[in-house]
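Each of the next two complexes has chain A plus one more chain, namely chain B in the first and chain C in the second.
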Partner chain A sequence: MTRSENFTKYILAGLTGLIVAALYAPIVLTIFYSFYKSRKGKIDWSSFSYEPYTKLIFERQILESLMNSIYVGIVTVICSVIIGFYFANYYHTSKSKMKELLQFIIFLPFLLPPIITGLSLLIFFREINLPRSLNTVVIGHTIFVLAIVFKIILNKLETLKPSLMESAYDLGASKWQAFYYVLLPNIKLSLIIAGLLAFTISLDETLITLFLIGNDTTWPIKLWAKMRVGFSKQVNASVTLILILTSLLVLLIASIISRSEKKIMY
Partner chain B sequence: MSEILELKNVSKQYGNTKVLDNINFKINNNEFFTILGSSGSGKSTIIRMIGGFTKPSTGEIIYENKMINDEPIFKRPFNTVFQDYALFPNMNVFDNVGFGLKIKNINKDEIKKKVLDVLAVVGLENFSNRMPQELSGGQQQRVALARAIICEPKIILLDEPLGALDAELRKQMQLFLKEIQKKIQITFIFITHDQEEAIFLSDRIAVLNNHKFEQVGSPKDLYYSPQTTYMAKFFGECNLINCQVVNQDTNSIKVKSEFGDFVIPKNNNVSHELEFVYGIRPEEVKLVNKNENSMQVKIKDISFKGSTSTINVANEKGDAFLKIQNISSNISQSLSKGASINIEFNTKLGSIFTE
Partner chain C sequence: MNLISNYFNTSIWTIVSFILVIFLILIPLASFLSYSFFTVDGTDIIREFSLFNFKEFFVDEIYIRTFVRTIFLAIIVMTCCIILGYPVAFFLARYAGRYKYAILLMLIIPLFMSYIIKIYMMRSILGYSGLINKVLAMLGLIEKPLEFFLWNQNSVIITLVIILLPLIIIPTFTSLDKIPKNIIEASFDLGCKPFQAFKYIIFPISFPGLVVGSIFVFILALGDFVTPQLVGGTSGFTYGKIIYSNFGMAFNWPFGAALASVLLFVSVIIILLTNYLTKRLNR
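On to the complex of A and B.
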């Protein structure tokens, strides 16, 4: 290796390091400041405490908003996975040309600016006199994440050989039996992955939620509201907790994907 | 032998593309029936229609004197062995084979007994706990067959089941299929593009060409009495000679050809001066001493193949050619390129194509 090649290598490594640091420093700092105090830009090393975390338990509003978010997330997962599977299966098996239109409509809310999706849903709910609540938020989130859920399930369906379902029918299975014994076990992993992703997206969705929420509040909206009246250590603490939670979810998804890929590779 | 299945005037088209054109055949009980055709000839479509995966555009599929065009897949007493085996990857061998019985709500003990019996028949009794991914191609094939056999269908449809196997394994599986079909006494409808395989396995073969059946018959029928020039050249080689009738008497027809005149036995009356193509296999051309029926030809080349040789010859004008096979090398050694020899056809085994 020549000297100039070596030089380029170090420059590139340095640049990569800087970019990674710039991207992740805010996150690290958030975690850091959930444990330490700073005064006039200087870190007070003696101020380490778990207090923000223990206090968090008594911050009923934050906890309540978190429970709301988890409720919305779970119901969104259930709705979007069922509807997503139904549409993906239809798209996969149908020969109708209308299915391209269906796919377009499913993708639209995900591709449009969330503000448009939120606003049009709000107008729609007012027209049909549906009062705003966590349930309208669930509807909004389901429409938003459906594109991702649909695509993940569709991708999996497309890897299955058509002869798989045909042989189930051939051996005497009804549609339900073929679905339950053959299709479902073979797409199970993609349903789990789609569900986990839908949950993470729903958990931090703010813009559409803002339009659709009534008197309740979800976790990201609560944090946003709290930030306006000044920073508190509890915000840092709850961000840290959610960060850990979502990181674990992402890790779970990644490990499921890599495990299923090994299975397919045989 | 009783007849089990019939296809009557069956055609299939997708949009404007014709896949099958007026297919007619009958299948007997316990027969090993093969549909032979090149890829894209529509052969898979035939068994997909029998199995119920697709419907004929026109025509009837008749099973035991009943039209079954609209019968759903799961009601038909047929089972399919797919080209890609289509084993359920989420189930082990035992559950794969037992699937058809489980669907019918048969009790567990009986399923267990039957599955083990069938696995023994296909020689996989020690594999019941394996997953399909852990089996070789040949073993997966056997599981797929066991899964069909256990349902006790009246017909098993095999869609190019040996297509994905290597040559050695293919030979083994051919033997296995032939033995098992005799043992379990179920009608097999088998799809292949491999002529040797078809001849080895089948009681009867239907040859598919240009979306139509060229000919249906036993392997011997197809070889010795081809009905079209396509069929003549399909199995082995065949010399095709343009001829014209010169005259005929009660037993024989005298014809004129590019190689000279010769006499063929008469089976039917033919019109005077009829032009036709005469087919004769290379091994049915004999070297003879000059006589009144012999034709004189020039040797173009001689290829030595061990105990026998193949000779290519041309007529006197040099515009028509014949292939002669199975000439003892003792004789061919004494011949040389460019020399004139006399030949005669074994006209008992020639064929007349008037189309």
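On to the complex of A and C.
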């Protein structure tokens, strides 16, 4: 390595460090404020306490919005993985030209600004007289994450050999058996990855949800509403807990991906 | 393969899925587009074809001006993300060695972390008595707190860059990571200077990834309405915020739909254009 290249390397490393710091600054600050108080912009170092975390149990509204978010996330995962699987399977096996168009349509809500997806669903629900509720939020989240789920499952299906299913049928498996005992174990990991990713995205989706939410609130919407009055320490505590949850989910996804990549080598 | 397709394609679920896509993606888009031709009278929506909303958009210059300004804002955000994100992706792919995936993961995690919280906390970082001002004051660099960080366009730009930066790093890294080391070594053997190797080999290969990331950043910055609402103040409002206010307080859905359809039109053109360009580059 030449001297000038060494120099560039350190400059770039420094920049990367700065950017990691900048990306984490808002998050670290939130965690910090859940433990410490600040008065008039000065931090009171003696005020450390984890009381907000225990007090969180009494914050009915925050807990309720968290439960709503988890409900929406789980239903979104179920819907998007099932629909995503059928689309991926159709795309993989069909020879018709329609499938390109289909892929384009599925990708629309993902590629367009979220505001467009949100308000078009809002207008549609009003036209068919469907009152806004958590279920309309589920619909919005499902079509938003569908493109990602579809792509992950499709990528996995494309690595499978056609002979796999054929031999299952040759050995006398019924359609359901071939699916359950042969196809499903092979694509299981991609379904899990897609589901976890869908859940993580749904948990934090704000822009589409703002249009589709009814009287119940999900967690990001609760934060949005609380913002006008400023955050209490309990809010910061709930944020910290969710941050831990999402980081764990992302790490879980990453470890599953790296493990399944190793498996392919055998 | 036919056997699987026989089973799944004729299955009732496939048909159901098709109907779902049409009902949940295409019809909503169509109904939103048709709303843009309606008008309001008080709180009633008049369902007759009219170009009134679009006339309003072009006549009242505040809308066009805001739209153009928002496009510029999105371009600035995109440029900042490229300037900051490309070197990081380059560093990861070329110098970070066995730590590259770990660092990449560190850069991805914030993407999934609460969007609202990030914006909210940017207020206490950029604000009058915020982190930046305090650090600068502590270092003795400034006497009075700086004010150009909060409640204006700058704060919207900074916040959006912080939020959207990972989106440009990931695809750029993926395409940089694919470049085999021996190609670069070969170019050095053939007498390339480092900058030439970058210009003629590394950059062209990484370009499609960079474009994909840039478009994501651009479109998300263009349509964002929460960031300007929370950190933008009065001078930092964007086109997305105007659209959203028509669905909230102003309660003029048809006009909001018309404004959004302009946004849709521009986004679709940009997506198609990028698609075309990357296909041509790949050839």
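Keep in mind that, in the parts below, the second predicted complex is superposed on the first by the 254 of 266 C-alpha atoms of A that agree within 3 Å, B and C clash if a C-alpha of one lies under 4 Å from a C-alpha of the other, contacts with A are read in each partner's own complex, and residues count from 1 in each chain.
Heads up, the rule we're going with is that a residue touches a chain if its C-beta (ideal position, glycine included) is under 8 Å from a C-beta of that chain, and two chains touch if they have at least 3 such contacts.
On a predicted model such as this, the values are computed, not experimentally measured, just so you know.
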Overlay done on chain A, so just call it for chain B and chain C: clash or fit.
fit
Regarding the shared-chain residue A:Leu248, is it in contact with chain B (first), chain C (second), both, or neither?
neither
Between chain B and chain C, point out the one touching more chain A residues.
C
First, second, both or neither for A:Gly172, with chain B first and chain C second:
first
Quick check for you: in the superposed arrangement, does A:Tyr181 touch first (chain B), second (chain C), both or neither?
first
For A:Leu223, is the partner it touches chain B (first), chain C (second), both, or none of the two (neither)?
second
Could you give the angle made at the Cα centre of chain A by the lines to the Cα centres of chain B and chain C, to the nearest 10°?
100
Look at A:Ala21 in the shared chain and tell me whether it touches chain B only, chain C only, both, or neither; answer first, second, both or neither.
neither
For A:Lys9, is the partner it touches chain B (first), chain C (second), both, or none of the two (neither)?
second
Shortest C-alpha to C-alpha distance from chain B to chain C once the two structures are superposed, in angstrom?
7
Report, in rising order, the residues of chain A that make contact with chain B in one complex and with chain C in the other.
166, 169
Note which residues of chain C are touching chain A in the complex, please.
1, 3-5, 7-9, 11, 13-14, 17-18, 20-21, 24-29, 31-32, 35, 84, 87-88, 90-92, 95-96, 101, 103, 105-110, 112-118, 120-122, 124-125, 129, 131, 134, 162, 165-166, 194, 219-220, 222-226, 230, 240, 243-244, 247, 253, 256-257, 260, 263-264, 267-268, 271
In the complex of these two chains, what residues of chain A are touching chain C?
2, 4-5, 9, 12-13, 15-16, 19-20, 22-27, 29-30, 40-41, 82-83, 86-87, 89-90, 93-94, 102, 105-106, 108-109, 111-116, 119-124, 127, 139, 142-143, 162, 165-166, 169, 175, 178-179, 183, 200-201, 204, 206-207, 210-211, 220, 223-224, 227, 231, 239, 242-243, 246-247, 249-251, 254, 258
Considering the complex alone, what residue numbers of chain A touch chain B?
161, 163-164, 166-174, 177, 181-182, 185-186, 263, 266
Using the touch rule from the top, collect the residues of chain B that touch chain A in their complex.
51, 53, 73-74, 78-80, 82-84, 86, 88-90, 99-100, 102-104, 133-134, 147, 151
